[in-house]
Amino acid sequence: MSGGTQGRAVFSAETAADRVVPPTGFTARLTLFAAAAMAFLAVFALALSLATGRLADRWASELARTATVRISTTQDQRVAQTRAALKVLETTPGIASARALSLEEEQALLEPWFGPAMPIASLPVPQLIEVIEDENGYEAEGLRLRLMAEAPGAVLDDHTRWRRPLVQAAERLRTMGWIALALIAATTGAMITLAANAALSANAQVIRVLRLVGARDKFIAAAFVRRFTLRAFSGAVGGTLLGMLAVFMLPGASAEGSFLTGLGFQGLHWLWPLSVPPLAGAVGFLATRLAALRVLKGLM
Amino acid sequence: MIELKDVNYGYGGADLLVGASLSLGAGSFHFLTGPSGAGKTTLLKLCYRELQASSGRITLFGQDARDMGRDDVSDLRRRVGVVHQDCQFLDHLSLAENVALPLLVSGHASDPGNLKELLGWVGLGDQAGSLPAELSGGERQRAALARAVIMSPDVVIADEPTGNVDWEMSQRLLQLLIELNRMGKTIIIATHDMNLIRAAKAQVSARVVRIKDRRLQIAGADL
Amino acid sequence: MSGGTQGRAVFSAETAADRVVPPTGFTARLTLFAAAAMAFLAVFALALSLATGRLADRWASELARTATVRISTTQDQRVAQTRAALKVLETTPGIASARALSLEEEQALLEPWFGPAMPIASLPVPQLIEVIEDENGYEAEGLRLRLMAEAPGAVLDDHTRWRRPLVQAAERLRTMGWIALALIAATTGAMITLAANAALSANAQVIRVLRLVGARDKFIAAAFVRRFTLRAFSGAVGGTLLGMLAVFMLPGASAEGSFLTGLGFQGLHWLWPLSVPPLAGAVGFLATRLAALRVLKGLM
Amino acid sequence: MIELKDVNYGYGGADLLVGASLSLGAGSFHFLTGPSGAGKTTLLKLCYRELQASSGRITLFGQDARDMGRDDVSDLRRRVGVVHQDCQFLDHLSLAENVALPLLVSGHASDPGNLKELLGWVGLGDQAGSLPAELSGGERQRAALARAVIMSPDVVIADEPTGNVDWEMSQRLLQLLIELNRMGKTIIIATHDMNLIRAAKAQVSARVVRIKDRRLQIAGADL
C-alpha cells in the first residue's frame, strides 16, 4: 500500500504536474484568444506607428525648405545686400542654413512658368536665398525687422509655411499611434491578468484539493504558471503572426513606389513585432503567479 | 503523534469547542462522535491544520502547529491521510489518478500493483478509469478513503467515511483501517454509526471521544 | 409548510431573480473590463479614422489643382491656342474643370518671385490654364499628345503630382483606421462572448441547481442575460466616456488652427462613439443568451 | 404518481438496471436499498427525469416521460421535492434563501413564518443566515431536505437523507417525512440505514424495494 518507486507510473513523468490543471474550458480559450487578439492589434498599431513615423519624417524633411528671402534691388546693390542678408540669416536662431541660389537654379525654378527658352539673365529676376529652418523654427517678425535694417531690398517670404500643418498632422498621427500602442499594451496586460485570475478562480477547487493532499505552494503555482504563460505566449505568437501576415498583405504595402507611405515594416522593423509574444508571456507569467499565490494565501 | 491541549475554537461567533484536550498516541484508534453540528469536522480540521486554534496548544508530530510554515503544512499532509466529509476530487482526472494524486504531488512514483490492490479492496477495481462525476456517492467515499491511505501515512483521519455505503462495505472499509492500525498507524474516525463503533471495538482497543456541549468527553463504558 | 403568498418575502421582489446569479468574481470583472477596454479602443480608433478621413479630404481638395497647362506662343496665337487647349481639356476624361488664369491671377502667382512692383504685362509671360482633376485623374501621356496636336504651344505641367502620394497616404491611413475599427469591433464581440461563456461555465453549478429546483430555461437565461448585458453595456459606457474624454484632452485637439488635422470629433461626429455601448450591450445580450441556452441544453 | 414499466438503463456501457418496474401510488411510502453502486441514485434520477430510460416506459403524473418538454420537466420538479445525495446549493445565498429557492424560481412569495418553522424542525433555526460553506455535513443534508419539502410537493424523493446525521436527528427527519406522508404525499427514500427503515415501518406501512443484480425486488418480509 506504500507509494512504491518501481513500476509504471500512473502519470507519465513529463506531463505529471501539468495533468493536475484541467485542460480546457472557456477561461483557457479566453486567455489564448485575449493574448492573440491583443497581439494582433499591437502588431497593427506598431505598424501604424512606424508607418506614420516614416511619413512624418519624410514630410518633415521634404517640407523643411519652407522659406525664401528675395532680394529685389538694383544690380549693383545686389551682391552687397545678398551678403548682408546672409549674415543676418546666419545669426538668426532657428535657421539651420541659408544659401543664395545660382542663376541656373533660379532658371530651373522659373521654368514651369516661362518654359526652358526664357533668357532669365535678361530679366530683372531677384536674387533668391533658400532658408532651411531647424526643428525649432525661427521667429518670422523679428527676422523681417532685422532684414529691413541690414538689407532693405530683402523680403522674407515664408508663404510655404502653410505646409507645416501637414508635418504636424503626421507627427500627431505618429504620437497617436504610440499612444494606441501603449493603450493596447496596457489592455493586453490587464486582459491577460484578468483572464488568468478568472481561470484560477474557476480552478479554486483544484487548488484546494491539491493543497489538501500535500502539494506545496511552489508545485501548485508552477503547474498553473507554466500552463498560463504558455497560453499567453502561444496566443500572442498566433496573433503576432496573423498580424504580420495581415500587415504584409495589406494593399499597397509591397508596391514599389509607395513603400515609404505604405503600412508595413521596413527592414529591421520586422523585428519589432517579435517582441510582442515574449512580453505577453511575461505578463501571463507574472499575472498567473501573483493570482496563484493570492488564491493559495487564502488556503491553510 | 497529535496532541491538543486546552484548545478553544470558534468560527467568529461563540466558541464551538472549549478546553478541548486530546492525545492521539502512535498506534491508537479513536472514534469521534457527537450530534450533527457539534464540531467533529472542526476538531479534525484542527488536527491536520486546516484550522488553527484560537487558544491552547496543538502539537503535530512534535511540532507546535503555530510554528508551522506553509511547506511544513504540506509535509504534514503527506504524513496524515484525510478522508474529507465532502469528498473533493479533481474532476478532470480518472479515479485512479485521483487516488494516486498524493504520490504525484509529493514526487513519488506510483506502483500500479499497489494501486490496483487498494482499489480492489475498496471495491472500485472496475472503476479505475471513471471520472469522479461518474461515481456513485458511496464510490466517491471509498475513493476518498483509498486516497487517504495510499501514501501509507502515519495518521489516518476519516470524517464520516461510511455515511453513504452499505453495511457490508462499511465493514470492509473498517477492516482496512483496522489492518493499518495493526501496522502501527494512528487512526481517528468521526462517525454517527454506533454499529460501526461496536464492530470495531470487538477487534481493536478503540477509544470513543464524544463532543457534547462544546466539550470533549471520553465515552468508554456507554456503548 | 406550503409556499404561502402573504408575508414579507425572503427575496425583495425587484431583485429576486437577479439574486440567483452570484454577484462578483473575476469573470464579472473580466466582462466589465473587456467591454470597457474595447470600447475605449474603439472610440480611439473611431477618432483616428474620422481624423485621418478629414485629413485625406482636406489634402485631396487642397492638392487637387495639381496640373497646369502653359501656353507659350506669339501674342497673336495666344487666344486661339488657349481656346483650343481648353476645348481639349474639357473633353478629356478625368478632368473636372479647366480655367484660364487672368493677368491679375498670374501676377499674384509670380509675386513671390518678382515682388509686387513687376510689370507683368510687359513680360512674355505665358498664359496659364489651371486644371482640376476629378477623383479618377486623367491619363497624362494621352493628354499631352492631344494638346500637341490641337495647340502646339501648350505644355502640360503636372510636376506637382509629387503631392499625390500624400493624399494616397492619408487615404491609406483612413482605410487602416477603418480596418482597425472593424478588428476592434470583432475582437470586442469575441472577447465579450468568451467572457460571458467563461462566466457561465464558472456558474454551471448555479444553473444546475436552478434547473433542479424547477426553474424554467427562460428564467435562468434571463437572470444571466440581464446581468451580462448590463455588464457589457455599462463597461462599454465607461470605456466610451473615458475614450471620449481622452480624445477631448489630447494636446492640439482643441487648438484653433489645427482643428482640421487634430484628433477629435467634430460636430455630429461626437454622436458616433455613442453607438459603441448599445452595440456592446447587444453583443453581450446575444453572447450570454446563446451561452446560457447552450449550457442549459446539456442539462435535463 | 410515478410508474416505471420494464425500464432498462445503462450509462453507455452495460445496463445498470434491467426490466425495472415500480409503481409509486399517491400516499405511498417506499424505501430503496441496495449495495453502494447498485443504481439507487440512478433509479431516483429516472423518477424526476434527470435521466431518461433507454427502453421501457416511465409515466410521471400521468404523462409519458419521453413526451415531456423542457418546461414540463421544470413543472415536474416543482411537484417533486428532491433531496440529492450530493446536496447542491447556491454558494452565495444564505441557508434561508437556498431553502426558499424553489419558491423564488416558481414565482411564489415565501412565507417567513413557514420557513422559520421548517428550519426549526430540521434543527437549523439558528443558521438561517449562514452560507452553505459554513454548514456542517449534516446541516447541509438537513437543509437539502428542507428545500425539498418547502413547496409542499406531491412527491418527495430523498436520496440518502440521513447519511451524515446522528440517530436522534435522523428520527426527527423521518418524522417530518412520515407527517408529510400522512398528509397524503408520496415518499421514496434511498438509504443504507436498516435501523431507519425499521423505525419507519413501526409507524407507517412502508414498502422496501431492493436493487440486486440489476433487478428490482420487493423486500417485504426480510427486515
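Here the chain labels run A, B, C and D in written order, and each chain numbers its own residues starting at 1.
Here, a residue touches a chain if its C-beta (ideal position, glycine included) is under 8 Å from a C-beta of that chain, and two chains touch if they have at least 3 such contacts.
This structure is a prediction, so every number in the text was calculated from the model and none was measured.
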At minimum, the number of touching-chain hops separating chain B from chain C is 2
Relative to chain D, the most remote chain by C-alpha centroid is chain A
Separation of the C-alpha centres, chain A versus chain D, in whole Å, is 66
Between the Cα centroids of chain B and chain D the separation in whole angstrom comes to 29
Chain centres from averaged Cα atoms put chain A and chain B apart, in whole Å, by 62
Two or more other chains are touched by the chain B residues none
Two or more other chains are touched by the chain A residues none
Contact graph of the chains (line, ring, star, complete, other): ring
Chain-chain contacts, ordered by label, are A-B, A-C, B-D, C-D
Per the touch rule above, chain C residues touching chain D in the complex are 1-11, 16-17, 19-20, 22-23, 205-206, 208-217, 219, 296, 300
So, in the complex, the side of chain B touching chain A is made of residues 49-52, 70-71, 73-78, 82, 84, 88-93, 96-97, 100-106, 108-115, 117-118, 147, 149-152, 180
Touching chain C in the complex, chain A uses residues 25-27, 29-30, 33-34, 37-38, 40-41, 44-45, 48, 52, 55, 59, 68, 70, 72, 109-110, 112-115, 117-118, 123-126, 128, 155, 157, 159, 165-166, 168-169, 172-173, 176, 179-180, 183-184, 187, 190-191, 194-195, 197-202, 250, 252, 257-258, 260-263
Chain D residues touching chain B in their complex are 11, 33-37, 40-41, 85-86, 123, 134, 136-139, 142, 159-160, 163-169, 192, 194
